[in-house]
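These are the structures in question, set out in turn.
Shared chain: subunit A. Partners: subunit B in the first complex, subunit C in the second.
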Partner chain A sequence: MTNPTNIGRRTILKGGAIGTLYMAAGLPVLAVADFPKIEKAPLEFVQISSALLGIDASDLLRQVAPDNHSMADEYYSIIYHGCRSGLNKMIAKYRKVSRRLSPQQIGNLFLRADSSQPNAGIRQDEIGTAARLSMQMWLFGIWYGGTEMNHNPESISAIPKKYQNDFVLSSRAYKEGWIWRFAQSHPMGYSQLKFGHWAEPPPALQSYMPGTQLN
Partner chain B sequence: MSLTRMLKTSTLIVLMSLSLTQPTLAANPHKGCTSAKPKDFNCLPNGDIDYVNTQKTYDHLSRAYADFAWNDFLALNFPAKEVAPGQYLPEPSDQYGLNYNQGSYRSVWQTYIEDQDLFQPELPEFGTPSQIPAICQQTHGKTTPKVASAYMQANRMGPVADIDKNYVRFNVVFNRKMYDYVKARRLNTAAGQEAITQSLEWPSGRYADQPELDDAGAIMIKASWKILTAKDTKEDFHHIKSYVYTKKDYPIPGVEESCALETLGLIGLHIVHRSNSAPQWVWSTFEHRDNAPWMSDIKRADGRPENKRYHLFDSALCQGQIGSADCPFNRIPDHPWNPGTEPLKTGALDVKTWGSQIVRTAAPGKAALAANHAARKALKRGLGKTVWENYFLVNVQFPTLTIPHGNDPHEINPAYPIGLPSTTFLINSSMESFIQGFTTGDATTNGNKIPDSDLMLTTGGKGDKVDPWNVRGPHTRTGGANRNTSSCVGCHADASMVNGIDSGFVFSVESVLKHQDKHQNKQQRSKYTSQGSKSKP
Partner chain C sequence: MPTTEKTHYDVVIVGSGFAGANMAYMLGQKGKKVLILEAGPGIERSREDYLENFYLNTFKAPEAPYPPDATALAPAKTNVPRPTIPELVFNTWDAKPGRWREPEQSYLSYQQSQLPFASTYERLAGGTGNHWMGTALRMTDNDFKTLSDYGHGRDWPIGYDDLKKYYHQAENLIGVSGDAAEQQSIGPDFGDTNFPMRALPKSKLDQLVAERVNGKSLAVDTEDTTAQVTVTPAGRNSEPYQNRRVCRGNTNCTPMCPIQAKYDTQFALRLALDTGNVTLQSKAVVDYLTVDTSDLNTTGSNDEKKKITGVHYLTYDDISAPAKSGKTGENTVSADTYVLAAHAIENAKILLYSTKKNGVNIANSSDQVGRHLMDHPVYLAWGLTSEPVYGYRGPLSTSGIESFRDGGFRKQRAAWRIEIGNEGWNWPATDPYTTAQDYIYGTNTGQLNENNTVLSNAEYRDTCNEKLTRQFRVGFLVEQEADPENRVMLSETLVDHLGIPRPELRYNISDYVKAGFRSAKAASQKLHKLMDAKEYTKATTEVATHWFDPVDKSVYNYAGAGHVCGTHIMGDKPENSVVNDKQQSWDHPNLYIAGCGSMPSIGTQNPTLTMLAMCLRTVEEGILGV
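What follows is the complex of A and B.
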């Protein structure tokens, strides 16, 4: 595994509340010193993410976020530096098609090699790479640059060397991963649910994404 | 005219003339309050922020809650109305203001009921002074109704020792609204709590242009006090005369019962206020400016703190770089946690033995800086010098995710019952001294570096020392680990009644078990844990 500058095995936490969060993944956490300058996420990035994930943009980008920290900005900042060409092409494409395609169709367009064929396989160009990497950040709080290259060797040209590996963006990104909400659950050591919640059925999925139309 | 009739007539004349000279209290019951307060603040706590007319951005909401916290702070610290010598009402005085008596007076919140008085089987009337322990009366007479005893920080983290080697003392009080709620439901008894089958919903305050007395909703307060010595300037503090009582064999066997009559200086205040826009409550905390140095200032000065007198940090004992063996900080005092133990009493200068050497890991929040600046300006403009200019808001924690209904009660989203609070972590250096979050250079128990994103840092205001009243100064970038770093609402969300049902963020309800027979306690605990559902192990 190629590591970005300043990140080595020593940054992997092996104990404590934070350490256990990452043991399963075995991934390093990006140091603040290595974090790129925060870029303000354009609305199109949030809308594309909404189409890819099936979650309403109002749930992804709430008006008021804890500590005024925008996860959209955090993810956008990473992909802006980690796959800029793919990101720009994806946004440009979105602007062309967003008025005539549904979110489902946009998702298929960015993820499938042939959006008209359900078994067409993954889209392997820069747009496909950017789409997958964006989704995975929202879902897991992890940049999967290394995994992307392993499964899609063509993506090597889309991802600069510093981002050609997998790492956790931040503990906040890990905790805020949508995968936990899809599971109506929470990561170890972090929960917005109260003591004793395990004795009750989990909250309804709709409660986790009040702005999203669920089927 | 008969003598009787003349007496009746003259009595009537006297009464009529008295009524003409009385202030028209019915029309404006807080007239004195109005004239003696800083212009921009109410003398009564408001029920809520004006949620409807506050822009729904982070900056606007956080500032609204910070101002709300300051209004609470000033209103609750207002001199209480004295109706007879030594008898006070839980409302602001119409004679005195916040500049009264150089900060030494009974404040409104000090008329509220203490937790040990509220959660006992025989509920006293609201306003009844606490029982004075016999040893205090025997040793010092009936000098003051105030008793400070608690010295363990939340979750039995340990005591914190001040620079004069006394433990900081705490007390917790509840307002009338909370008292009435407890009384109506018999929450002061285990049987009363057992009969409750749903989560507690404490009274909630609603915004009003002109707040009314006793209409603010539920308010609970925790205060931290320093025993003032000849080395302290008492006029820098809000200060009161109080017994400092130490209970026998608590928290450990061997603690001797004792009682001293001391002057206590307020060094920290938590104000917790339930409002319509914040069903998870609004959590604000204030500190005295001289409690402890700031970590960022120490690091800027090459690892050595400024040589000045802090309440909780002795610069003379820091003989090396901060964090080295010669300058430990934020240390829980060694056992035994006994205020009468050596070397606390002998004053032996061995920080390795008695601790605590508290350092603040981060500055106040950004909105808090602005609110502090505004409050201090208003105080100076309205009243000149007061002790209150020495206190600052550290930060305020409010829910960012509820189901809003304008200025009416917001609903709790069941997927986010804690409300995704902001600021995520919140600490008072005198009350959550040892769970302030991680700082640069910290490592896990396995020796691995704490991720940078989890550090509690001071940021902004390049080159500036921390100044809680500087709007453009350094402020906190919050970071920490849940269940490890202090979060008011994160921890209080675990609060439950004796039957395991959610007590609405109020821990003190559990203390009813203390007042029952020990054997019965054990039986009750077994009963609750054997139910297996939400009971604590």
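What follows is the complex of A and C.
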């Protein structure tokens, strides 16, 4: 192992996804923003998250042992402070379109510059910013305020100063990251798995998200 | 005013890492009174604190769990700085003068180096052994005599047979899981001994590589040899061992096993302290050794005159970076015997500074201190398999291909071993993050989003699943031969926050190693082909750790393996080596200089097991004089 030295300096300055991951390191990474008061997440926030991620709301709402912690509330509380007007606009928009569009279409609408064009770039307004920041909290347990600004300089006005960097929300958020389940694995450095599991295929993707209808 | 410690110790050991902690344990068991001086903070009260640092760090480099904050990039303002991955990643290289553009940000200084040194180490209780990965391979016969066999590097004054019994002891001390019969079939003779634990199971990826590559040739100059995937012996429990748990495959051996199923050196240090004969003094930074210079002109036996008389160290309080306070005191402590076990680069630094402070040559009559700096430069290759292999599970690596590490080709080029990685593209591309973000931002940083698509919902989820479960990487650990021009010196200008000069390095990669890299590249291409995998290996000039190869006219990147060796090499003559075969200084009979720095050649095997075997021999046949 394991020195990731082939990560390019220029990649970092260009602010590719990877770069910002590294750039955040120059900031006080362990000084996670003082955790704001927990707000109860409205159902729409969870439904939007579900549309972005392709995970059923019931799976997202599954409470985390041992204290029945709600990740939805944790993420909502952060974005409530970290990108409030984007959040509000995103929810308002969702109310307008949710009857008419499928979750896949809503996800595309919130993330893409042109929802029918996969490679037309990212949606740059506050809704796009709020959608990406929400999605990434669920995936990685990380607030990617700095990364968002690198990719989308316009977002600076949507994110208060304190939230204009990248930080891990909490160790629990890291451990609950959905990207690891998408890989049918576990967060590096945390698992409840048994000796030797790596010699066998993992359980099917479905079992990581029992409430989700997989195609 | 400096004070002098009154307690008498049989042995003072500098450093509580792999070498220091284990030697202290061995000596403590034999009733020797030992003092360990450790530069960094002591044993952490709870491992959970380190683990929490890891979880909360956005930059999950090997240093992530351990203080001081590796991203501070402020070695001049840090009491005990060490080289870090962020230093390598953030700084840019000014090839003309051969140094970083921001020398102040790098603990290791370069003024006229061809290339930067790509490996790092830790300075806290337990040392780099906290985040070693656990690979514990023996060297083979020929690795001990590369000069006589192949005309490259240096020979050891001892051979495999001299270490055989100590290898066995070291494997038991660490708790190595492995398959002796299988290992014996690819090199080292195990006699009738076995590992203390059965081998760990092979990962899905290992199984696929074995299925497709076993029995096939990979390198053109080893046509008669075919590949064999073998389980890599490792300091990871396949059974409960020494009150530590069984591996659950948390894919985090480096930087930290969350359940200590991987042996680490803080564990060894506890065993040492439990003997009741070992004292650990942390936050005690040794800057130099002392000799009685007045003795030089008086009568007495030659050996008496040359003895080390004490170890000088500085104390401090603040471990943060930048530190709010500096030195709080200093002291000199004496003992019958001294052991320097501060890590290869730090051992050389202490010796060179000792010479400067005493005004007489310390341990360096041969002028070999600091020379022959080595590592295993790594050729990293990665691709997508044709069917899922489900990475990001299991120990970071469970198998390797050792078949091509020895042969006549070593006259022409450096050898390599292949480490098969179970962590997807985490090392080469910082995945799963990079790829997952590529599909959110419509970028192609990780190379899997060629069309720059932005995806959501089921398309996003299933694309991530499809890509991440097929990622794999292999690392070719390329042998680096001893070269006196690759060296550690003392910086003339740069100091740490305590005022101790920082190491200055000169480092290059020889044509011999470069030829090894060309061979690794060809072998990787062949391996991907045999596996029906698509290769994504990509070289970049955007990092300092690269060279342009005029032979095949392409750029090569190298990564560090963390295998820092050869700064106080052993030999059979005082004229051209620093220590004898027992790691005893030729110049000072009561000084032992221990660690990978003593190794004159390192083959392709991760060096720590061999180093530990060597240290056990030093205790038994040297210090205790059995």
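Here is the rule we use: the second predicted complex is superposed on the first by the 178 of 215 C-alpha atoms of A that agree within 3 Å, B and C clash if a C-alpha of one lies under 4 Å from a C-alpha of the other, contacts with A are read in each partner's own complex, and residues count from 1 in each chain.
Everything that follows uses one rule, which is that contacts are C-beta pairs under 8 Å (C-beta built on N, C-alpha and C of every residue); 3 or more make two chains touch, one makes a residue touch a chain.
Note that the structure is a prediction, hence the values are computed from the model and not measured.
Undergrad: Which partner chains sit in contact with A:L43 here, subunit B, subunit C, both or neither? Use first/second/both/neither.
TA: neither
Undergrad: Given the superposition on chain A, which partner contacts more residues in subunit A: subunit B or subunit C?
TA: Between subunit B and subunit C, C touches the greater number of residues in subunit A.
Undergrad: Report for A:F167: first if it touches subunit B alone, second if subunit C alone, otherwise both or neither.
TA: It touches subunit C, and subunit B stays clear.
Undergrad: Which of the two partners, first being subunit B and second being subunit C, lies in contact with A:G189: first, second, both, or neither?
TA: After superposing on A, A:G189 lies in contact with both subunit B and subunit C.
Undergrad: Between subunit B (first) and subunit C (second), which, if any, makes contact with A:R62: first, second, both or neither?
TA: first
Undergrad: Quick one: classify A:A199 as touching subunit B (first), subunit C (second), both or neither.
TA: A:A199 sits against subunit B and subunit C alike.
Undergrad: Could you tell me if A:P103 is touching subunit B, subunit C, both of them or neither one (first, second, both, neither)?
TA: Touch status of A:P103: second partner only.
Undergrad: Let me test your reading of the model: by the given contact rule, A:G121 touches which partner, first (subunit B), second (subunit C), both or neither?
TA: Second partner only, subunit C.
Undergrad: Of the partners subunit B and subunit C, which touch A:Q136 in the superposed model: first, second, both, neither?
TA: Only subunit C is touched by A:Q136; subunit B is not.
Undergrad: Return the residues of subunit A at which the contacts from subunit B and from subunit C coincide.
TA: 10-12, 16-19, 29-30, 32, 170-171, 175, 184, 189-191, 193-197, 199
Undergrad: Quick one: which bits of subunit A touch subunit C in the complex? Just the residue numbers, please.
TA: On the subunit A side, the touching residues are 1-12, 16-19, 21-22, 24-26, 29-30, 32, 51-55, 103-104, 106-108, 110-113, 118-122, 132, 135-136, 139-140, 142, 144, 147, 151, 166-168, 170-171, 174-175, 179-180, 182-186, 188-191, 193-202, 205, 214-215.
Undergrad: Name, in rising order, each residue of subunit C that touches subunit A in their complex.
TA: 51-62, 69, 71, 73, 85-86, 88-92, 118-120, 133, 200-204, 207, 238, 246-254, 256, 258, 380, 388, 390-398, 422-424, 426-430, 432-434, 436-438, 440-443, 445-446, 451-462, 464-465, 468-469, 539-540, 542-543, 545, 557-562
Undergrad: Enumerate the contact residues on subunit A facing subunit B in the complex.
TA: My answer: residues 10-19, 29-33, 35, 62-68, 170-172, 175, 181, 184, 189-197, 199, 203-204, 207-208, 210.
Undergrad: Please output the residues of subunit B touching subunit A within their complex, sorted ascending.
TA: That would be residues 56-59, 61-62, 400-401, 403, 413-424, 444-446, 448-455, 478, 481-484, 493-496, 500, 502, 533-536 of subunit B.
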